[in-house]
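Listed below are the structures to be examined.
First chain A sits with chain B, and in the next complex the same chain sits with chain C.
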Partner chain A sequence: MRPSSGLWLVLALMALWEVSARLHWVDSPNWPPLSTVVVALFHDIASGELPPLIGGTLWRMGAGLAAGSIAGVVVGLAFCLAPVTRLLLGPAVELLRPIPVPAIIPPLVLFLGLDDPMKITVVALTAFFPVLTNTMQGVAAVEAEAVQMGRTFGVGPLRRAAFIVLPATAPYALAGVRVALGLSLVVAVVAEMIAGEAGIGHYLVMMQFAGRAPEMYATIILLAVLGYALNRGFVAMERRAIHWWFALGRQADG
Partner chain B sequence: MAFLGLDALGKFYPQPGGAAPARIMQGISLEVPEGEFLAVLGPSGCGKSTLLQMVAGLATPSEGEARINGRAVAGPPPEAVYLFQQYNRSLLPWRNCRDNVAFATEHRLGRKPARAAADEHLASVGLAGFGDHYPWQLSGGMQQRVAIARALAAEPALLLMDEPFSAVDALTRIQLQSLILDIWARRRLTVMLVTHDVEEAIFLADRIAVLTPRPSTIGEVIEVGLPRPRDAIATREAPRFLELRHHLLNRLLARDAA
Partner chain C sequence: MTQATRRAALMGLGASTLATPALNAQALTKMRVSVIPVLDVAPLHAAIAQGYFAAEGIEIDTSTTAGGATGLPGLIAGQFRAVFSNGVSTMLGVREGQEFKFISGASRATQGPPDILAVLVRKDSGIRSGKDLEGKRIASNTRNNIVWLRGMAWVEKTGGDWRKVNTVEIPFPQMADALIGGRVDAVISSEPFVAAALETGQIERIGWPMSETQPGCTNAHYVGMGPDLARNGEIFDRWARALHKGVDWVNERLGQPALLELISNFSRVPMERMRNVALPAYAKNVTAAEIDELVGTMQRYGLTGRYPASVSLIHKTAQ
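Right, the complex of A and B next:
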């Protein structure tokens, strides 16, 4: 990849951060120089304090994302292929969709407690909706000829769903999962900030309470890097999984 | 008793507001003996594809019925395979050619035997060695060959073809027509082909059923009477070929103008 001019803006902002703190343009104990923050970041990683927290957050995020995505694909296929399910469940889904997910954390705490079950549920609910929407769009875009082809060879409805509709829908569903991936990290961290004593989100709040500004910013940088790496990793996986889609030249949006 | 029988087939779509239903076709009756190559010729929009889909069990007739081996068609019959006009939509782009062909039989035979047989079917349409290619790596004509190989893998007694060569270039079309004739003769298939291409109908078929404009019905049935095996060049220059071509074009164009 050629070095883009946008990279220079990032470097300039980092320099501005360093200089503004060093020269006391911003004179506050809550504004440490970037170099101090980076040192704190590497120290917390090397000391073994951050890695298990990262692991915990990624586990909750991953488990929730997987559960929510699978549910989104399954419900999306069911809504399109068995309209009676949409009749029964559609209104409930539409009523739940607009609720900001963090708003349901307090009641969920009452039922599922402060730990993993609650947080994974919250992430799963977050991931569910974009995957559901995209899956349904994908099913609508499946070529009618492909489904009829299955019928003419005597392939039954379940096999058609699994071997024609599902693969044809995959590019759309994966685009939904990519959106859900970003949201999942956000919601996992928010859930940790609100409730419980685990994960990066909780650590971030603790550092703020403790007035340890370098560690606080270090955590934020860590989250930025994590989010970036997760997205890049996902895109690479996507290119492998649906190589045929990219070969057809119909790029997934985004 | 004919192998394939169409008995007063009709199709109409109800209209909103109590208006008379839109009649697409009515009173289509035909008897097709086993092993015959029948072409159904008609202008665009006369419902040819709908007729073929009713025979294939992919569409339901509003009246009458289609019978294969004496049994009324209700759902896709095991004897018949439908070859689509749009090969690029009916081939699965996430499967290579071998697995596309295997798709026709893997639900009955299992994955391994189906894949093993797929290579032979690809070879029989001139695509030996293309099993690992994906359809989108091939030309249109080659893709339609893959679709033909897939249809043959199901070992149908009846092949239903919906303008299968209309999306490929003229030279490829002639090659594919000869390939289909070759396969038809070797496998003793019964074929029902719908097309708007007069020359294609004459070159391929034993009999041609000409459809009228909507509401479509069979205007006439013509015995082609050209000797077989037919030759891609010489047959098209035979006096009988030209005579039929004149007659059919006259008929189709006159009706189009009306």
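Right, the complex of A and C next:
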């Protein structure tokens, strides 16, 4: 791959980081040179300390994302195809949506404790809303002819939902999952920072309190790389899963 | 012997050989303790590392929180059996009717400097006393906690009016940067952040808020819930026995590398820095007199209200 101009910007910023710390433009023990940070990162990966923490965080993130996404798709389909559910649940969902997740962590700790159930729930709640919104958008965009044809052929409402509406909605729902994916990593780490002794989030707080700036930034770089890799992986998966959508050429290039 | 009885006999045999380890595993009481990643919890980690808790049949699961934010609420919610907490936060909860009881001492101020809290300023600031801080900004990690309270007492002691000093909240790890960057004029910091701040060469220490205002004063304790203590007193007896052996272990090694290594291991503070860090006095008990002094100081600095008699808050394991 030829280095694009975007890559050059990243490299330039990294060089600026290194130089600003080496030449004491920013004079603080909390601004270590990038090279020191990278050494700390490789050291903690090689020592075996970080890999299980990464695994734990990714597992909590994945479990929450899966639960939240499935719930988002199911509720989204139900809201559109069975309007009575929207009448019943719509206001509750709309009231919950704007609440910042960190604000509801204390009550979640009260009911779910400090371990995985609480952290996974927090991630699931975060993932739920973008998937729900996108799914509903997707249902609205399903071609009416397709549904009518199903009706003409005598396909029942449940089968229509599963075999006509759901596949047509998939590109929209998957776009929602992609948004949720980035948020999930953020929220999983935030939840780990608040309590318990698990995952990258806890490691980050501990290093902050130990005054170990290189390890702290190493964790931040690790999170950036993880987030980037997850997104690239997801896009690749998306292209395989809904190749017909891309074949139609309706999506924006990205 | 029929087939069935033979099988039963075999199963009985199997069960009896398995029974011993199974029973032992069952007898291990799991206790979740909320801690803060600070030097004051060294005895707890010593007792875990030395196997004192295991010897009492207790398995400790520590949960680190970066401030008191989830500690005491987690205790009320039943997430923790014991919480390391600063005295002011505990007493504010007691004032609001929470059934907190002191189950062990944790740390006190030393009789004289150095102690674990320090007032820090920029070297070129010219600020020397509480009087100089009037109209200026001073930071503590949280308002209305022990750090803030002892800091305000220091301002008064050195001729200032604490009401004329503006206090802001800054987490310990960011205090040195905020001070050097001129965002505040002074900070009330705690070890090991004091040692880290002094390493920059741009910051100096002008006061010791605890040992200069009230030598040997109370700082932090372990807290449990009254109803839990009443029901499961025996578990807490064992817990305190193990913890107090840890206090002995730590006190026997003050100033020795073994203790600094232990602290460096659980807090991850680099060993080089640990050598410059001041330690608190590690305590086993809590006295009514020290809580009375604390409440008196709280009343004086605006945390007024009705507090129950101190002696009623001290569980027998802390007496």
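Keep in mind that, in the parts below, the second predicted complex is superposed on the first by the 249 of 254 C-alpha atoms of A that agree within 3 Å, B and C clash if a C-alpha of one lies under 4 Å from a C-alpha of the other, contacts with A are read in each partner's own complex, and residues count from 1 in each chain.
By our rule, contacts are C-beta pairs under 8 Å (C-beta built on N, C-alpha and C of every residue); 3 or more make two chains touch, one makes a residue touch a chain.
Nothing here was measured: the structure is a model prediction, and the numbers come from that model.
Novice: Following the overlay on chain A, give me a clash-or-fit verdict for chain B and chain C.
Specialist: In the superposition, chain B and chain C stay clear of each other.
Novice: On the A-aligned overlay, A:Pro91 touches which partner chain: chain B = first, chain C = second, or both, or neither?
Specialist: neither
Novice: Mind working out whether A:Gly113 is in touch with chain B, chain C, both or neither, as first, second, both or neither?
Specialist: A:Gly113: touches chain C, not chain B.
Novice: Could you tell me if A:Gly233 is touching chain B, chain C, both of them or neither one (first, second, both, neither)?
Specialist: In the superposition, A:Gly233 contacts neither chain B nor chain C.
Novice: Output check: A:Glu145 vs chain B and chain C. Expected answer is one of first, second, both, neither. What do you get?
Specialist: first
Novice: Identify the partner contact of A:Trp244: answer first if only chain B is touched, second if only chain C is, both if each is, neither if none is.
Specialist: first
Novice: Going by the contact rule set out at the top, does A:Arg159 touch chain B (first), chain C (second), both, or neither?
Specialist: first
Novice: If we overlay the two complexes on their shared chain A, which of chain B and chain C does A:Ala195 touch? Say first, second, both or neither.
Specialist: second
Novice: Shortest C-alpha to C-alpha distance from chain B to chain C once the two structures are superposed, in angstrom?
Specialist: The answer is 50 Å, the least C-alpha separation in the overlay.
Novice: State which residues of chain A lie in both footprints, the one left by chain B and the one left by chain C.
Specialist: On chain A, the chain B and chain C contacts do not overlap at all.
Novice: Which residues of chain A touch chain B in their complex?
Specialist: Listed in rising order, the residues are 143-146, 148-156, 159, 163-164, 167-168, 170, 242, 244-245, 247-248.
Novice: Residue numbers of chain A touching chain C in their complex, please.
Specialist: By the definition above, chain A touches chain C via 27-30, 106, 109-110, 113-114, 193-197, 202, 205-212, 215.
Novice: What residues on chain C touch chain A, complex-wise?
Specialist: Going by the criterion above, the answer is residues 37-38, 62-66, 69-70, 73-74, 77, 79, 172-174, 176-177, 180, 192-193, 196, 199-200, 202, 267-270, 273.
Novice: Considering only the defined contacts, which chain B positions touch chain A in the complex?
Specialist: Residues of chain B touching chain A: 56-58, 75-76, 78, 80-82, 84, 86, 89-90, 92-94, 103-105, 107-108, 134, 136-137, 154.
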